[in-house]
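Structures are listed in the sections that come next.
Both complexes below contain chain A, partnered by chain B and then by chain C.
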Partner chain A sequence: MLRFLIKRLLLASTTLVAISIVTFLLFFAVPTSPAWVMCGRNCSPERIAQVEQSLGLDQPITTQYTDFVKGVFAGRTFDDAGTIRECDAPCLGYSFRSQEPVTDSLARTLPVTLSIVIGAMVVFLTVGIGLGMLAALRKGSVFDRVAIGASVGFASTQTYTLGGVLLLVLVYSTGILPNPSYTPITENPLAWASGLLLPWITLGLINSALYARLSRAQMIETLTEDFVRTARAKGLPARTVNRRHALRAAITPLVTIAGVDLGSYLGGVVITESVFSLNGIGRAAADAVADLNLPLVMATVLVAAFFIVTMNIIVDMLYAVIDPRVRLG
Partner chain B sequence: MTTSTSPAAATVDPEAYLQVRDLRVQFPTEDGLVRAVDGVTFSVRRGQTLGIVGESGSGKSVTSMSILGLHNPDRTKISGEISVGGKNIVGMKEEQIRRLRGKDMAMIFQDPLSALHPYYKVGVQIAEAYKVHHPSASKKAATTRAVEMLDRVGIPQPQRRANQYPHEFSGGMRQRAMIAMALVNDPALLIADEPTTALDVTVQAQILELLEDLQREFQSAIIMITHDLGVVSQVADDVLVMYGGRPVETGSVEQIMKRPQHPYTWGLLASVPSLHGDANVDLVPIKGNPPSLINLPTGCAFNPRCRYAGQNGNRSFSEVPELRSAGEAGHQVACHMSFETRQRLYAEDIAHAGVAQ
Partner chain C sequence: MSNTPAAADSRSPGTEDTAVAVLQPDTTAAKAFVGRSPGQLAWLRLKRDRTAFGSAITVAVFILVALLAPVISRLYGMTPTAGFSDKLNFEGLPVGYLGGISGEHWLGLEAGSGRDLFMQLIFGLRTSLIIAFAAAIISIALGVVVGIVSGYFGGWVDQALTWLTDFMLAFPFLVFALAIIPIINTALYDVGEEVPGSFRITVIIAVFALFGWMTTARLVRGQVLSLREREYVEAARAAGAGSAHILFKQLLPNIWAPILVAFSLALPGFIAAEAALSFLNIGVVEPTPDLGRLVYYGRQWLGTPDWAYFMIPATAVFVVVLAFNLLGDSLRDALDPKAGK
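Here is the complex of A and B:
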């Protein structure tokens, strides 16, 4: 177990380093400069050079990258035309646009995304897997057909469509729900929940559809397994057979999918955040790319990669806990 | 030679623990009605073993599943009578059958690796089987009982083994564990569905010996479902040969192995190599494939594959042969050919091939 963990952590850090290098290179492959974006259309070449110098963009790429890495681990000092700014480790630099430390902007946006994703996950894991399992147990029934029919509908709906319709119906027309907003849970849990209910429902329902279909298929397959027949032949009641024997086996592959999904969602749910005007990390990333805001691009890409890599390790370890046949090594 | 007028009545022993009369199991499907079992009658006493023999799709597994009442009643039409210890399973409520399952009748399956749950320890799975029929037993008592059973079926270090998962067992040990689970409630009837097919030949014999041993101890009635006539000759007292969902020959193991009367039984015997006979003798395979259970050939279902079809004019193709006495008491066969013709053909074509020698 420990050996496995060390091996995977090494691999994970290598992945993160590789991603940071590629992101850096890609950024400079774009045939434009952040200075042009910041300075505007009618900027003199001297002014642009000045801006570039203040952002450190006049340095060679390798120097910029090593400075960045140094900042992350040891902190660095910025000298902006005489203004000295000490940036302590882990220093991800300052936003080109707002001059806000990138770590602050992560601390501001990450909890928003985290709140959206965790809530939506609760919705789609319970609704999706619940419906899928029930549909599998009543395969061919009216319930099964309605549930699976509806899931095809939801699965082919986009977040902006469903989100827009829900906003229109539940907020603008009837006022049943407040306009989506983010309140930290530590401040007011009720406001936190009511403000995020709509994104939870939207993201939750669309993913529920997928999870319902996956879990239904998984459960139907498991119900035909020999060990389920054995459980019935022992004289166990149907409820015990379904829960203890079939469900337990059917849910294992779903853990993998849910874990990887969680990892990729934590890196930002751009469309959901945009539809409901919530300032999550996904929107921050999208804006950073549009603004050529290198420090923020680097930070958001690395955060997203970090979650994906970490969740993959967690899923693999969880798998070994669930399935005794899996040995980590 | 006596010809019985009611073949069904002739073979049921009223004293037997399991009595199956004219069992018919049908599955309505989109392609048509599958007649998986079409009129099977047999009985097994406690302490006796009945071998049910046939190819895949002959209805043997479906028969055993109906005895445990494991078919989905919504998708299955069952008629006839299955009397287990005097209680008719056919038409019984699921909850009532469930109480009998695993307690009065138990089953061992072909592949013990897939038949055991991969996520639960072997001891836990056996204890669960005990606990469901002994609700008042403590968890500890159930576990103790599980270890006892593992010990009884010849698993060394049962205490330690009970704490292991099925994948940590070898094939033979796994099947022993499966047997321990099936016998944990002392069932009077044990159905073994191809219990040795997935095992090494050396382990096969051990498992069969274990079953015989346990049968002597618990006086259980055993149904041994197999396509392996070697297994049948080793453990069975009586044999039922099935083809296309129907019984084609039934009798004592000696009658079936030594004086088989049906060309299908001949085919089964002549296609298996014998360990004791001449190794150079050609085997005679049964040509063709088992028939579709939706569309059985008219007349004798075996006629497209039978070398002797048409010996009696058109009857093989137009008339379904009934089980009739084959000469000796308890020996019945469903074949249109006369006793004399069969004797002659057997001596000429079959007697020297495969295990038939």
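Here is the complex of A and C:
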């Protein structure tokens, strides 16, 4: 287990380093001066020179990258128009547009994304897997056909379409729900939940469709396996066979998918955040792109990649715990 | 499908027919035994599938409409860019119900600009489909090449390509696309300079292709790994065939089915992804007509009493993606009846 973990961690760190290099090259090696791009449309030449110097753009790209890495582990300082700005470790860059280290901005937006994703996952894991399992147990019935038919429809629905329809029906026309907003859970849990209900439903329903289909297929396959037949032959009641034997085996592959999904969602559910105007990390990145606030965009890419890579490792480890057939080596 | 007895002939003796009747009691015993290739079998299954029929017709209609958009525009008597601001009220909303739907403007007018929505829609469909088809073709081709090379050669080549695949999968696609598309645009065009629509489209296709090949590569690699030890490959090798011949003449024809399915399911994925990018105003922008851009534009009017500008393009994207998805599913069921069901 430990050897496997070390091996995976090494591989993951190479992937992250490679991603950071690629991102770094893309952002800093573009023909147009990055200072120009970062500073914006109405930037004076003096200001550009200033930004260039404080970014260390006059230095070779390798020095710039080592400075960046040093900033991640030890922190660094930026000279913003004569003012020295501290950027503590892990420093992922400094945004001249919002005049703060990008980590400050990420710390503000990440809880929003986290809240959206956690709530949506609760919805799609329960609804999706629940429907899929029930459909598998009643394979061929009307319920099965309706559930699977609906899941095909929902799987083809776009977040912005469903989100828009729900906004129109539940908020703009009838006012059943408040306009989505983010309140920290520590401040007011009720406002937190009611403000995020729409994104949870939207993201939850669309993903439920996928999980329902997957879990139905898994469950149907599992129900034909020998160990299920053995359990039935022993005379166990159907409920015990389905719940204790089949469900556990069928759910294992879904854990992998759910984990990988969690990893990619934490890096920003861009569309959901944009539809409901919630300031999550994805929407902040999209806005930053529009503002050409490149340090923030680059930091978001790195953080998102970090979540993906980390969740992959966690999923692999978890897999070994819940599936006794897996031996890590 | 692979169980079809190779020796079976359409004029097989009566004993053979009864054997069929025993195996498949619900088919008529008189039916003659015909040897069919897997492709023919898949085609037969596809023809019997009503969902496949319906979705294929829908997809065909969409493709035809997109192809014939200029002709339709001529017949309809309007160009997609012509504005009818005289039919808008002082708030920029079209006069009339549901976004000004009338005999003249079948789907109404766009709020603000007063362009005909039907024209925008069919030309937008054109853009979306061009991007989706080009991205799907390139990414699948890339995936097939990487997968075949990786699976066939094994060793360090395989290790390197597998690492590359994992590496690419670790990229947060949407956020990265969000970042890289404007960078490419600003790198090649000065800030403030107009970036041509065709260039934007090319960049989107390139980004999709770059991030779309990994699943195909994994799929093909797995298939090749199991096929390369087969006797016919060994026979070809013994006969002195080169690697290229074995790869593309022996292996590729045997894995076309999963590749075709991957292609047909990649299309709706790319249509949706392209619309998502345009919804974020990163993909296709004015004045190029595009489905996602129409949705993005319509989103601003969602709070007004006239929500048709949002619903019509959003429904169009939904129907296109649904039709392509259903067709892809049917194709998968027909080519591999054991999968998915």
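The criterion applied here is as follows: the second predicted complex is superposed on the first by the 291 of 329 C-alpha atoms of A that agree within 3 Å, B and C clash if a C-alpha of one lies under 4 Å from a C-alpha of the other, contacts with A are read in each partner's own complex, and residues count from 1 in each chain.
Basically, a contact is a pair of C-beta atoms (placed from the backbone, for glycine too) under 8 Å apart; a residue touches a chain by one contact, two chains touch by 3 or more.
Quick caveat: nothing in here was measured; it's all calculated off a predicted structure.
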- Item | First, second, both or neither for A:Arg248, with chain B first and chain C second | first
- Task: For A:Arg97, select first, second, both or neither according to whether it touches chain B, chain C, the two together, or no partner.
- Result: neither
- Give one of first, second, both or neither to describe whether A:Ala305 is in contact with chain B, with chain C, with both, or with none. second
- Touching A:Arg325 in the superposition: chain B (first), chain C (second), both, neither? first
- Query: Which of the two partners, first being chain B and second being chain C, lies in contact with A:Ala217: first, second, both, or neither?
  - Reply: second
- Query: In the superposed arrangement, does A:Leu236 touch chain B (first), chain C (second), both or neither?
  - Reply: first
- Kindly classify A:Thr15 by the partners it touches after superposition: chain B alone (first), chain C alone (second), both, or neither? second
- Message: Once the two complexes are aligned on chain A, which partner has more residues of chain A within touching range, chain B or chain C?
- Response: C
- Would you mind writing out the residues of chain A in touch with chain B in their complex? 225-227, 229-238, 240, 245, 248-249, 322-325
- Complex contacts: residues of chain C adjacent to chain A: 166-167, 169-176, 178-180, 182-183, 186-188, 190-192, 268, 272, 275-276, 279-282, 295, 299, 302-303, 307, 310-311, 314-315, 317-318, 321-322, 325-326, 329, 340-341
- Within the complex, chain A is touched by chain B residues 68, 70, 94, 98-103, 106-107, 109, 111, 114-119, 128-129, 132-133, 165, 167, 178, 181
- Item | chain A residues within the chain C interface of the complex | 15-16, 18-19, 23, 26-27, 30-32, 36-37, 41, 152-153, 155-161, 164-165, 167-168, 172, 217, 264, 267-268, 270-271, 274-275, 282, 285-286, 289-290, 292, 294, 297-298, 300-301, 304-305, 307-309, 312
